[in-house]
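Labels for the chains are A, B, C and D, by order of writing; each one numbers its residues from 1.
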Amino acid sequence: MNIRVTGSRRWSGPWNGAPWIWGFAAAALVWLVILAISGQGGGQTVSLALSLAPYLVIVGLGQMLVITAGPGNIDVSVGSVISLAGFVSVAAASATGSAAVGILAGIGVGVLVAAVSAVAILGLSVPPIIATLAAGLVASSITLSMANGFTAVPDPGLRSALNLRPAGVPLLALAIAVLTVLVVALLRRTVYGRSLIAVGQSRRAAERAGIPVARIIGSTYLLSGALAGLTGALLAAYIAPSADLGTRYLLDSVAVVVIGGTLISGGRAVPVGVWGAALFFILLDGLVNLVGWSTAAQNLLKGGLVLFVLFLAGGGDRTASLFRRRSRTATATTTSTGDDTDG
Amino acid sequence: AGCGSGGSGSATADAAGGSAGGGGKPFIALSNGFIGNGWRQTMIAKFEAAAEQAKTDGLIGKYKVVNAPGENSATEQVAQIKSLLLQKPDALLIDPASPTALQPVIQQACTAGVKVVVFDSAIDAPCAHVLQNSFVDWATYAAKPLLEGIGGKGSVIVSRGVVGSQPEAEMLDTTKKILADYPGVKTVATVTGMCDGATAQKAVLGVLSSVPKVDGVIGCGDGYGVAQAFATAGKPVPAVDFETNGRALSYWRDNKIDNGSVAVMSDPGQSVAALWEALDLLGGKDVPKQMTFPIVLIEQKDRDAWASVLKPDEYAAWPWTQELFRQQVEAVKTGGKPVQPPIPSAVG
Amino acid sequence: MAQLLAPALPDRARMRRSAPAAVSAVALIAMIGVCSSLQPGVLTVEGLTLVLSATVPLVIAAQAQMTLMAVGDIDLGIGNFVGLVTVVSATLLVSSPLVGALVLAGLVAAYAVLGLLIHLREVPALIATLGASFVWLGLGLFLLPTPGGTTPGWLASFGAWQPAGFPAPLLPILVVALLVYLLTARSAAGVRMRGLGSNPVALRRAGLRPLTSRVIAYATAGALGVLSGLVLASQTGGGDVSSASSYTLMTVAAVILGGGSFSGGNAVPWGAAIGGVTLGLVSVVLSLLDVRSDMQSAVQGVIVLAVLAGRVVVGKVLR
Amino acid sequence: MHVDNLPAGGTAPPETDTGPAARPPVVTARGVTKAYGRTRALTGVDLEVRAGEVLGLVGHNGAGKSTLMRVLAGLEACDTGTVLVHGSRASAEDFRSVRMAYQETSLCPDLTVAENMWVSSRHCLPRLGWRRAASDAVRRRLDEMFPGHGVSPRDRVEDLSLARRQMVEIARACLVDRLDLLILDEPTESLGPDAARSLYAYVRRLTETGTAVLLISHRIREVLSVADRVAVLRDGAVTAERPAAGLGEPDVLELMGAHVATPAATGTRAAAGGAAARETVAELRGATGPGLREVTLRVGRGEVVGLAGLAGQGQQEVLERLWRPVRRDTTVKVTRAYVPGDRQRSGVLPLWSVGDNLIVTALRGIARRGLRRPAEERAVVGDWVKRLAIRGGAEAGITELSGGNQQKVIVARAFASPAGLVLLDDPFRGVDVHTKTDLYRLIREEAAKGRSIVWYSSENAEMAHCDRVYVFRAGRIVAELTGEEISEERIIAVSFNEDGGND
């Protein structure tokens, strides 16, 4: 019988029916512009974007699961995890001579870092943004000490596998498409997935419905860590292990999740949308490079577009009246007992 | 640098005994604004090795390395320099996170009587001594051999560095001038590679589908990533400017890329040169305020020698000794030819 | 009255609320203790000035973050915003002071507009400010692609100001905390802001516009961000749009360390100041402690976790 | 004009010589309609509140009472019709003298009591020194209304007990420089009898000074004892207005709708003697802790056990112990399910459909190796939607349902699971009689199938559906009633005797 109103407001845009459409629409738009400017290689542009997008998609899927777990949940350690997993996987692969072991080691190290976050979040009630920040700091320390005098080189077999493009479709993109389908199935068809979505909508209600909330949240962070670790392992083989391999992926992973249509306040995950948003980001980078714009313009464009989509789609009524009512969903979740429609 | 805490014994005791003037051996501190890439790590490792040796040799009493955590954060570095000043070093070497942000704190250090040597970047601090790279040389080495290698004709991509920075402007200027000398060469795209392989890889990949056949990519130490981008796109690797680290050199060697590619980057050994400069300053020697030090150019003929001594993430560094340093100072003073330090042999 | 089984214990409740800040304060004192045992010079006026000065912009930015967290929002753009302000003060403010001042005022207004749009369009502040952070970064890079420029003389001399017998950085820390305290905790406007974070329905019922409260909060945060940027520029003597990028998460951590929460309704200006100084001092301690350079960020992370764990323990005891 | 200078009541002169009917109307509604989208909340209300009277307003859930109040208080504009204050069309200024205390408090939990006063009564506080003025005013008003309230103006609202919050909520409504109409929306729901008595005494004093009071409550008897007149709202319109004198509870219920009848306790209750023989599925042995003192109770298989007493005496703590049996003094041998009363916060999963909401607890049992079996789930959902006649069907979004129907889904969620022990946390607050009757029947049926039920209710009459009832006071069990002993009067008697023993 508390009268507190939870802080975050529910946001149901953009485009309630097909929230993933925005990312793909923006990506298509950028692609057309590229085509118009260069006048050639349209198919190849998509093919190359598809060979870069999967990395962002994997880490984005992990971030999406975390964000789906409800208000306040975010994993800001993904960047550091990617860098660390890159080194660990390359070291493990060259020590054992097996790329598979390397990938598993990368995933494992992601899980370990996420375990630190999860213990802090669940055991010490540290807010997730702080817990994952701290875990990320620890991870980047380990990265730095590993980077010193690091001698192993990425597995050449894995590298050429990542570069395989039968009929212009990157093998990795296909593999990650399968992974995306698995995530969709995880969310729709498993008890864990349903529980996660329930927890994201209302943690209290989920707890009262008999869902083991702590276990669900903990395993979600572990999953995100695993996916970030996988990203690191693949990225290190594709590019090269380096201490700042993952830095760029933190903000982008959050941004693609949101542009992809996943509810930032939790409870609705849109895995397909991550693809659209990732392709949009990759193609945008390409366009900016093609036109020769500076990074300043690139950032202005990125930020401007995020804000534009956000404010255009909005969350509430179109009327900005004096006593603006909350949207329906907002009423249902954020109000309180101070709600006056029901006695 | 597994032993970053280079100092010996209790800091307090040393700080008291180490201050200059009393005939004690000098205390050298190094503040590094960023430790997140291989170049900086090599730079620190070289310094620590040299400083350790200098301590054994009795040239210095104590040294200390402080790296600002996080992403090239000038604010963190300012805080760290301030706390370093509390420990009263005799000389302070700085690889700055930003060419301007440190100016006030450097002034503060000078006022406190600390000899300040800034390296790797030009900085507007009148009281500090500066060791810097020749960006004109860098850009020249990056473009000339490569253009010669592709026979003076064909199409190239220019991968720019940190667009907008003073060095980048200087380098782009030089590149353009050189390109003007090769009318047969067409620039088909200009991308922003940030002098970073991973960034360049993505940037080049982004434009590859929209450009015709590429013969060379003029960059600044991002060739490994550029080569990967071509591999991904299933195109032959053109002439590129490799990083000077073991990974890029081995790749270059192992894939038998023989098309005019070179490796060229600034010299992480500058930290060692800065150490010798600080010692000479403390010793009262006359050293010019501004000096330009040679950059590291690895051509195909020297490639294998370097590749055999470098670890993948270790960058080629000139092995500055006190002797070589003094020769270079002379060369700068007299305007003579810069010293060419020896290329390490596989034995070392 | 029979139904009041467990009469509320306001004093205990008050203690519980101030516990987090107290734990941070203990950590702060412990860190100063460690510093001064390693380096006796720390406890002198010059020592404190050296050690504290770098924390001033962080603390001011933390007050901005605290103001937004009081209305239940969060600002993921403050780091780049502060960076942008340093850029403006190293470029426009020098070339034409009037234009520079107008641009700075415009930036405050931009924050207010951001708050307005966030409110009217009912979008999550987290994402809107994340998007805005790209914009701030882009603007900063546009004005000054790489670090450089020089700050105006008056600003530089403020940075170099050293009164005798008093550690200068303490003054801005205390003055700003006091002003923010007066605004957010004591004034009517503060009641509106915290009311918004606490229960917007109640505000609306009482005929107060939540919109106004949110806009006031954002404008305040923008003004504090500008102040933080100016102080930072006065210390670094130039502009660098990414010089404060770590502030975004650090300010959130500072507010949490100071007893704030994500749910809104609470203003903890003194706590934010303590939390900010604590975090700012970590890197000083690290460099004094001869911590291995690659282990420094790990130590930083562990300290943050330890302080928050201490807070949980104290909270359990006080329950 | 500042609150400090004012007498307790309004400024209208007392008109003791005339009868209530002759007094001037304070607020008049004429043909007021209001629609929310397709929901027609008010369909044409004519109502007059006269100076110095207490008007009771009753009506079933969703009848439009709260909506009407918001319109009368000027919080929302009506679609058609007029609202007159003192006989003239009302401006925003006029509405300042119409004040409303919300049923569930609309205070800001993080603000202090005095700051909350500023939020609602800032017009009559000085610009400078408002904090002190608000503190003094609220302290004085609370002293007047609820002697011995124990609230300090510096307390944060979140630290206050529910009853004290309600006191503050009511006191803040009375803090104005001019009070013409005071609207009390279910004010006594969380107040104890003492406080309720003080409140009604204060209401009387207010009306003596000419202020009108509009009292909304589902407790018909209370309304009848306080009000001068009673108005009945049905489906958005006032269908009856009667003087309270001479009106009985059944009369009012009849006016509210013929279908409404007091749900009688069913005869299906298990024989009292049988209780002891049942196998114990859960028990507390001398449980002590925050809010609980030496509580020993047991629950048998197939038994419906009630937890009664005034609100907040330890009943919810018992439910909490049974829900999460982590301490050694608690044993629960079967799986559990929980039905929260606060459906907005702890019940519905707002983004999901009725079916998804309904099945979420049973999901685990139905699934094989963590994989769902949609066909089986659909069967269960269809079954329950039919059984409880949930309007809208399985595909409707849960938030599109009315409150009562949402509550049905949440109850169904618990019973659709294989749980052996179902915990009910006052789940029928604000649910209309019709729905309640259905759910009472459901509970008995499920108990008969061998499930055990522990049921906390703030409405003592509901306890008549239990086999056994534990009555709580101050964290202790003060009585255990069985079978025929269970009656509202008996429970009230036990809850209140030795009154004043605590606090």
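As a convention for this text, a residue touches a chain if its C-beta (ideal position, glycine included) is under 8 Å from a C-beta of that chain, and two chains touch if they have at least 3 such contacts.
Just so it is clear, the model here is predicted, and its values are computed rather than measured.
J.: Give me the chains shared as neighbours by chain C and chain D.
T.: A
J.: Among all other chains, pick the one whose mean CA position is farthest from the mean CA position of chain C.
T.: D
J.: Go ahead and name the chain pair joined by the largest number of contacting C-beta pairs.
T.: A-C
J.: Quick one: report the Å distance separating chain B from chain C, using the average Cα coordinate of each chain.
T.: Between these chains, centre-to-centre, one finds 36 Å.
J.: Please compute the C-alpha centroid of chain A, do the same for chain D, then give the distance between them in whole Å.
T.: From the centre of chain A to the centre of chain D is 43 Å.
J.: I'd like the Å distance between the centres of chain B and chain D, where a centre is the mean of that chain's Cα atoms.
T.: 73
J.: What is the distance in Å between the mean C-alpha positions of chain A and chain C?
T.: A distance of 27 Å separates the two centres.
J.: Hunt down the residues of chain B that sit against at least two other chains at once, touch-wise.
T.: Answer for chain B, listing residues that touch two or more other chains: 1, 35, 69, 71, 163-164.
J.: In chain C, what residues contact two or more other chains?
T.: In chain C, 141, 145, 197-199, 201-202, 264-265, 292-297, 300 touch at least two other chains.
J.: Can you list the chain A residues in contact with two or more other chains?
T.: Correct list: 3-4, 137, 144-145, 148, 294-296, 323, 335-336, 338-339.
J.: Provide the full list of chain pairs in touch.
T.: Every pair of chains in contact is listed here: A-B, A-C, A-D, B-C, C-D.
J.: What does chain A use to touch chain C in their complex?
T.: Chain A reaches chain C through residues 3-9, 11, 13, 71-72, 76, 120, 124-127, 129-131, 133-138, 140-142, 144-145, 148, 251, 254-255, 258, 264-265, 294-304, 306-307, 310-311, 314-316, 320, 322-324, 326-327, 330, 335-336, 338-339.
J.: Could you please specify the touching residues of chain A with respect to chain D in the complex?
T.: Those in contact with chain D are residues 1-4, 10, 189-192, 194-195, 197-198, 201-202, 204-211, 263, 267-268, 323, 328-329, 331-333, 335-343.
J.: Would you pull the chain D residues touching chain A in the complex into a rising list?
T.: These residues of chain D touch chain A: 61-62, 65-66, 70, 75-76, 102-107, 109-110, 157-158, 162, 165, 185-186, 190, 218, 336-338, 340, 342, 344-352, 356, 360-361, 363-364, 367, 370-372, 398-399, 403, 413, 417, 419, 430.
J.: For the complex, which residues does chain D have touching chain C?
T.: Residues 75, 100, 102, 106-111, 115-116, 118-120, 122, 127, 130-131, 148, 150, 152, 154-156, 159-161, 163-164, 191-192, 194-195, 290-291, 310-314, 473-475, 496, 499-503 of chain D touch chain C in their complex.
J.: Residue numbers of chain B touching chain A in their complex, please.
T.: These residues of chain B touch chain A: 1-2, 35-38, 41, 45, 69, 71, 163-164, 189-192, 197-198, 201-203, 205-211, 224-225, 228, 231-234, 247, 250, 311-314.
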